[in-house]
Every structure is written in structure tokens, then in C-alpha cells.
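Consider the two complexes below, in which subunit A is the common component and subunit B and subunit C are the respective partners.
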Partner chain A sequence: MVNSRVWSPGMLFGSMIAFFLTSPVIAFATELGATGGPDKPWWFWPIILFIFCFILGILAVMAGVGGGVLYVPLVSGFFPFHIDFVRGVGLMVALAGALAAGPGLLRRNLASLRLSLPVALIASTFSIFGAMLGLYLSSLNPDIIQTCLGATIIAITMLLLFSKNTEKPVVTNQDAIGMAFGLRGTYWDDGAGESVKWKTHRTLAGMFMFVIIGIVAGMFGLGAGWANVPVLNLLMGAPLKVSVATSKFLLSITDTSAAWIYMNRGCVIPLIAIPSIVGLMLGSLVGVRILAVAKPKMIRYMVIGVLFFAGLKALDKGLGLGLLG
Partner chain B sequence: MTTKDEQATKPSQNQIVYANMLVVGVWVSIFIMMVTYFIYLANILPAHADISIITQNWDKGVNEFLHATNSPHGWGWVGLLAKGDFLNYIGFAFLALMTIICYIVLLKGFISQKDWTYAVIAFLEIAVLSVAASGLLGSGGH
Partner chain C sequence: MKKKKINILLVDDNENFLTNIAQRVKLKGFNVFTALNGSKALEIAKKQHIHVAVVDQKMPDMPGLVVITRLKELIPHIKTILLTGHGGEKLKEATQALNSSYFDKSDMGKFWNFLSNLPLGNINILLVDDNQNFLDTLAERIKLKGYDTYLALNGAQALEIAKNVKLHLAVVDQKMPDMDGLIVITKLKEIDPDIQTILLTGHGDEKLKEATQALNSAYFDKAEMNKFWNVFRKLLLHLEQSMAAAAMTNGGNLEDAVKMQPKHSKKK
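Let's look at the complex of A and B:
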């Protein structure tokens, strides 16, 4: 008799990731990526990129990470595109995902407009500087960006692994800045069956962190949900649900300014961008459906493992070590 | 849930307006992208840069790529909308303009509510995004 646990959604998707990582798509992309694959017909890359991004979209939702943070290191590691185009398209991918998720989060009052607007202004302003700095460094030597990207990705995996978010942080006294901006709200918690009131503290420190988040997001085209959530939740004291939703909405603003810089510079090639955006969005839609029945914890750890490997590969590529092929 | 709770958990009118505009904007831009991509790949409109030149140069830096494909930067794509490849930029631009459009509506809402702090924040955000979109920054030539 077949053990039903063998076919649980978690196991199924664990196997899917293992298949994904060892699959002909990745192997083919890696092999041809090294040579640029000149012998392949033009339609080969858009199709392989669409399939790759579709799977990436499913995994991103299940692992609770943004599409951009997976897209940039993986595509720059395994596909033949220059890092300039990967970052430009990565931002468009993150932007499309954030814009698509925004309406639902705003309507349920999980994403707070009042919390988003002040920090978005800071992050989007500095993401312009990040984008310009990234493009400048890349024009000097793309290996600088590859190396910094690798180090950043490895740091992100540590953050994803060890950061212990708090469901409902206790904020006893709201600081003056938070009070002046009216950074408070109430949302309905379906799980607990109660309305939850929240307010922020340490607002100035939180706002300063968004300077750094903006620069990193613009420089590497990563999106920045991985950084937004800990800052909103652990530092500023917003509940986890509000932090996650507000972070997703925030990305739609932060990434817009950086995306324009990359687009105006010519870093968005339609042949690469559209299969990536559409593939990731369709994958995310499928991922949301699977998420309802799957236990994603194992998937999350596997995706963090993949991300760590992608970070090592970017470091290896940037430093010219050639240890990972 | 009490009536008071129900009121408190409701999103503001500004949030609802923003959400409604966003949902339409995103799916319209995705639809535009799919249609223009089909036009491009089906060669219904001739491309400015041959696909083989693109695939031979996408492993090079952006400046070298723009030179090899003789492509413009900034808003130069508007002058090439009759070309299949640059037609795709309509979808990208629409997607990236959505936030600015939504902020303009937000600004109007904040002004009518006399919420001056947030009206100033919204105004500054529109200014920042408009400068980014204008191509004045970081669209250095090739």
C-alpha cells in the first residue's frame, strides 16, 4: 500500500525542487550559459526562461520570499545574460509581483498606507542612488557587482534563517515621530478571531534603515522584502502580518524608482523581460493555490539552501575563482 | 466583532481607491505586454534590432549592447514604437507609471482631507518618481 505521507504536497514540492535543481532546464542553462549558446535558435532562451520563472514563481510564494531576490542571483548564475540586464529585469519582476499583490493587501487593511508612505519616500529616493551606483560600478567592472551581490545574497540567507520575527510585538510607548505620522492601525486577525491594534516605536532608527534598504534594492535589483519585514517587525514593532503586507506594498514604490533608472539606461530587454515577468506572475498564482494545501516549511529551507548556493556562485564568478563551474 | 472593531479594521477610502486603480493597471499592463510580445515574436511589426544581434550581445554590458544594437536610452524608445521590439516598452512604462498615477489620486485625497503631512509626502514621492522616470538621472549615453 502506498503511504499517503509520501505523496503529501510538501514532499511532492521538495522533490520538485530537487528535480528543478538537477533538471535539464538548469543543467542546459548552465552549460549553455558558459558559452552563450550561440548554436541555439533565438526562441530557446525565452522558452527556457519562462519555464524557469514559472517554477521560481511557485517556489517564491511557497518559501515566502520575493521573486526578485531569487531571480537575480539564479538567473545571473545560470543564464548567459549580463548582470546589468538581470538586475533591470529583476526589478521589473519584483515590481510586477508587488503591484499585483498590493490591491488585496490594501483592501484587507493588512498593508498600511500610513506606514508605507513615509518609509517608501526614503527607500525609493535612495534606491535611485543605489541603481546609479550599481550601474557605475558595473561599468567599471561587472565583477565588483557580482562579488557584492554574492556577499549580499549570503547575508540574506543568514537573515532568512536566523531572524526570529515576532507575531505581535509589544509597543508600550509610541515615539514622537511615529505619533506625528499617525503610524498606528487596526486589522482583523482571522486566525485569532480578534481585531489587533498596533502602533510603532523606534521610528527614526527604522527610517534610517530604509536608507540602506533603498540603496541595496537599487544596486542589485533585488526587491527588498527580506529586509523590510525585519525592520518593520523587529525594529519598529509592527505586527508580523502588517509588516509582511506593508513590505510587499512598499516594494511596489521602492522598485518603481530604481526600475525607471534601469529602464532609461536600456537594461530591460523585452526578449528577456516578458517571459520572466509573465512566467513569475503565473507561477505565483499557482503557488498561492498550492500554498493552501502544502506545508511550506521544508520548501522554505530548501529555497534558502538554493539561494545560499546562488550567492556562493555569484561570489565565485565575481572573484574569478572558477570553483563552481 | 463589534461595530467599533468593524469600523477600525476597515481600510481608508484612500486605500480602497489606490487598490482599485492598481488592480486594473497591473492587469492591463500584463495584457499589453503579452499582446506586444506576440506582435514582436510573430514579426507582425519589424524589429529595430535583429533578434540574433540581441542574443549575441546580451552577455555584454549595457553600453556595449546599446551600441551593438543601435538602441536608444531614456525615452528614445517612444520614437521607435513602430518597431516590434520597442513596442514592448509600452507595457513596461505603463507598469512603472502605475505608482505615480496612484499617488496623484492619493495626493488629491489627502488635500481634500486637509492631511497636510501626508499630502507633502505624496507630493515629494511623485517628484522623486517623476525625476527617476524622466531619464534625467542615470541614462548616460553610450
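Let's look at the complex of A and C:
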């Protein structure tokens, strides 16, 4: 456990940033990745990946950004793995996190089954198409995927920076589809000490957005929390807490479908998947502990910055410009 | 231990209806016996140990209420249900006066609901321990296996339950405030000589083990299973709570994540 007396928030914050920016792991990985890497024993990359993902897990939690969305751009940018393997494992990483969190979120009545199932059906169907499309494009030329990934990542950073979620959106009239699916519920707000009732509107538009989200999630192996939350919250009018929890729960359904496609093609290699999943989950565990002691807002901007850079790098790699080395 | 099946007796003079309903009841995992009239039903009840009887009211040889009354004479603990297409408030009251359930054939949904909620396990297990947490954990696990549990925090409560309910197994802690587990076991066996008993203790020794076995009771050291399951359970719960907290950070709302942490909620 992190002892708050020993770890002052300032110290912690400083050391986190310093560790991330000067991390020999990242420098090492980038260097080896660029040169293709000399002959290393088989355990070398799993260990580096484990340490990298552990730090990534901590930062993802502290920055309030899903681990899945950071994993693909950063690992594909800094490690010498083929992008198909990274995307396949990216889905497994997001899936593991969602499955581990799911029961806790459902038990608290934050993740809504009613809200999840219709949109999950749509998103998971289209994530299969997305995964197939992604692998097809990648077989034509991996650069196409790199370029699209880069553009998507940059769009995500913009979304993370500028979208302002609403804690409790006001929904005056529920639409017919929302009513038919029973998309409403109640949850207990600990902070306010009251139970909050909610319902959705603009359900059809929301469902259409999940077609796109499904395709993007399947195509790039990104956890889709960054897109789920704004759609559920801003478009459909679910409260922020319900949107976040439902979004996480949704991933466990959506990503399962897409992960199958990657597994079926042999794109999930245990040597990459296991250190990544274990590293990220342990990192998340440590991350939430650190949050209780310090919540430096800077980390969010820093991580978004790193993500933006990774997006640029993917774009640069995909277009073959060679501007970023 | 094998789960005991529930024997259900279905009595109706309409053969088609009887076959249909018997098929559905079988699908729900019950043992089904059928009878086309009251006297046949009573014959079956004399030979088989029937747990539940579903009886039609209008039958050629005797009305359903008479069948129910006679069944209750044969098997006092039997659960009975009157299922009728020609019901009315009076019949309903008469049925309920016989301590029997009443369902109308025009509303079969209620009947199926009632049947689904019948405990399939039918094995009653009494758990006696002064540690509420341990008791709850054990009960949860036993319920998951499909048995019915009765909980007692001390010996007196346990004996009270044993007097009112037919118990098949009692799991008793040795060290309790009002009386020792061994005494509880002795008294339980006096109430019901058929009861199986297990002494569960964290403070055991060889002598206690011998004494327990002399009472024809099994003996387990709680420390071993307690340690293992507690560590396992805590780990899983901790992981689940932490990951749920981590998930909540995704919307950028870090305050919620902190509140949802396992340690934080305990401090509160």
C-alpha cells in the first residue's frame, strides 16, 4: 500500500512524470524498435512490455483515459511488433480490464444492463466488420491502418481535450425507442447522498453512433470508452457515472466479438498478451491507490500529449514521411 | 452429498392437460407422478414419499379438496396446490383454510412461478457460529450449491430452529458464548437422532477431535479452510473493486474512483 506520509503528492507527481519521460524502458524500446532490435533472449520483450504496461496502467488511471486506447498507439509506436499483433492484444487488454471491472459496476447499479444490451448488440456486430476490414486493409498494406490509426488517435486526443461531459444531463422527454427498450434506471449517488433517476433521449442517433464506434473499435483494437462515454452522456443523456460504467461494461461485450476475429487469425500471441494484460491490470490497481493520495491534473494533459504524439507518429509512419524518425 | 429430487404428484382427470403439465414439470427438474383420479393419487402417496401435490378440484370420484385433506393425513409435511378451472372466492378460502395454495387454470403463469420458487435442494442445513461474517460466507457458499440454510448465532438459537424444522445436517462451531459446540451437537442429536453433524473449530486439539468422533460427528479445523478462502475471497473482491474504481476514471472523474476504492469505503 502507498503510505501517504512517505509519498507526498508533489513528490509522487514529480517522480511519475520524471519516470515516464526519462523511462529507460521507453527509450530502450524506441531505440530497439527503430533498429529492429538485436538478438535478444525470448524473455526480453515480455519483461520490457510488462514494465511498460505497468507504468501505462498507472498513468491511464491517473489521467482518466482508458488503458486500451493508450495501449495500441503507444505499443505500436514504441515496440517492434507488427500492428496486427498489437491490435489483437489491445482488444484483449481492454477486454480484461472491462471483465474485471464489470461485476463491481453492475453490483453498484452504475452499469446499466438495459442500456448496454441494445447498443452492445449493434457495436459488437459492427466491431466484427471492423476487425475484418482492419485485417483486410492490413493485408493490402499495413501503412493504411497506421495512417487511419494515426488520424483516429489525433481525433481522440481532440475529443479528450475538448469534450465537456455533463454530470447529470436533463432529459425532459424520452423518445419512443428509448421507452420501448426501457432505457431508464436509478443509481445511488454517494456524493450527493441521493438516488438519481435517469432516462435517455435521441436513442436512434445514439445507436447509429455505435455502428461507427463498433467499426473503429474492431478495426484498431482500441477500447472504445473514449467514444462510448460522450455518446451515452452528451447525445443520449445518460448521467456521467452511468455512461462511464456502462461504457466499460459494454467493452466486455463489444471487444469479445472483435477479439475472436483476431484470435482466429492467430493475432493474439500469449507472449505479448500476458505481460500486457497483467502489467496494465497491476498498474491500474496501483493507479487507483495513488489516486487516493494525489490527483495531479497535469498527468491527464501529459498523457493526452503523449497520445497526440503517438498519433502523429502513427500518421508519419503510415504516410512514410519520416519526419519523426 | 447428492442433491435430493423433489417428488411431485399431479392429479387431474383431463389426460391431455395432465400429460402436458407433467412434461413441463419434468423439465424443471422434478420427479413427476401422475394420477387421473383421487383414489389413484392416494394409492401413489401411500407408496411414494411425495413432497408436493398439484390437484384438480373437479374429478369424478372425489373433489380435489378431499384429496388434499387425505394426502395431508398420509404425509403431514406435504405441500399441496389446488389447480382449478372452476374456481371462486369461496373455494379459494376453503383451500387456504387447508393450508394449501390455490391457482386458477386461467392464470398458469402464477402456478409456474410458484413451482420455480420451490427449493429444489430440499436438504436443510443448520449453521451455528457466533462469528456473523463466517456464518454469512459459509451460508452463501452452501446456498450456491442449492441447499437451504438456517443460521444460528448461538446454541440456544440452534436448538430452537431444530425443534421447528426438519434438519439434515448441522455445522457447529465449538467455541460459542452460551454453550460448547459438542453440547449443541449432543442436544441436536437428542431432538433428531438422524441429523448429521460436523464440528467446525478454530480452537481444536486431538482430545476434542476424539470427543467429536465419539458423538458420531465429523470434525474440521476451521483455520485451514478459513485462511484459504478468506485470502482468495479478499483478493478477488479487492481486484473487482479496484478495477471498477479504475474504470470510473475513464470519464475523467477521479473523485468517484477514489470513493469506490476498497480501502476508502472501509474507512468510511
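The rule is simple: the second predicted complex is superposed on the first by the 311 of 325 C-alpha atoms of A that agree within 3 Å, B and C clash if a C-alpha of one lies under 4 Å from a C-alpha of the other, contacts with A are read in each partner's own complex, and residues count from 1 in each chain.
The definition used in the following text is that contacts are C-beta pairs under 8 Å (C-beta built on N, C-alpha and C of every residue); 3 or more make two chains touch, one makes a residue touch a chain.
Small disclaimer: the values here were computed from a predicted structure and weren't measured.
After alignment on the shared subunit A, the placement of subunit B and subunit C results in a side-by-side fit free of clashes. With both structures placed on the common chain, the touch criterion links A:R300 to subunit C but leaves subunit B unconnected.
With both structures placed on the common chain, the touch criterion links A:A100 to subunit B and to subunit C.
By the touch criterion defined above, A:A131 reaches subunit B but does not reach subunit C.
Once the two complexes are laid over each other on the shared chain, residue contacts for A:M281 go to subunit B and to subunit C alike.
Judged by the touch definition given at the top, the superposed model places A:H82 against subunit B, while subunit C stays out of reach. Subunit A is touched at more residues by one of its partners, and among subunit B and subunit C that partner is B. Legend: residue contacts after superposition of the two complexes on their common chain; A:L117 is shown touching subunit B, with no touch to subunit C. Of the two partner chains, subunit B is the only one that A:T256 touches; subunit C does not reach it.
Once the two complexes are overlaid on the shared chain, A:K248 sits against subunit C while remaining clear of subunit B.
With the two structures overlaid on their shared chain A, subunit B and subunit C come no closer than 7 Å at the level of C-alpha atoms. Common to the subunit B and subunit C interfaces on subunit A are residues 100, 103-104, 108, 281. Against subunit C, the residues of subunit A that register as touching in their complex are 1, 60-66, 97-98, 100-101, 103-105, 108, 110, 160, 165, 190-191, 225-226, 229, 233, 240-241, 243-245, 247-248, 281, 284-285, 287-289, 291-292, 295, 300. Of all residues in subunit C, only 239-261, 263-264 touch subunit A in the complex they form. Every residue of subunit A that touches subunit B in the complex is listed here, in rising order: 36, 38, 42-43, 45-46, 80-82, 84-85, 92, 95-96, 99-100, 102-104, 106-109, 113-114, 117-118, 120-121, 124-125, 128, 131-132, 135, 138-139, 142, 180-181, 186-188, 195, 197, 252-253, 256-261, 263-274, 277-278, 281. Taken together, the subunit B residues at the contact with subunit A in this complex read 1, 5, 8-12, 14-16, 18-20, 22-23, 25-26, 29-30, 33-34, 36-37, 40-41, 51-52, 54-56, 58-63, 65-66, 71-75, 85, 88-89, 91-93, 95-96, 98-100, 106, 117-118, 121-122, 124-125, 128-129, 131-133, 135, 137-140, 142.
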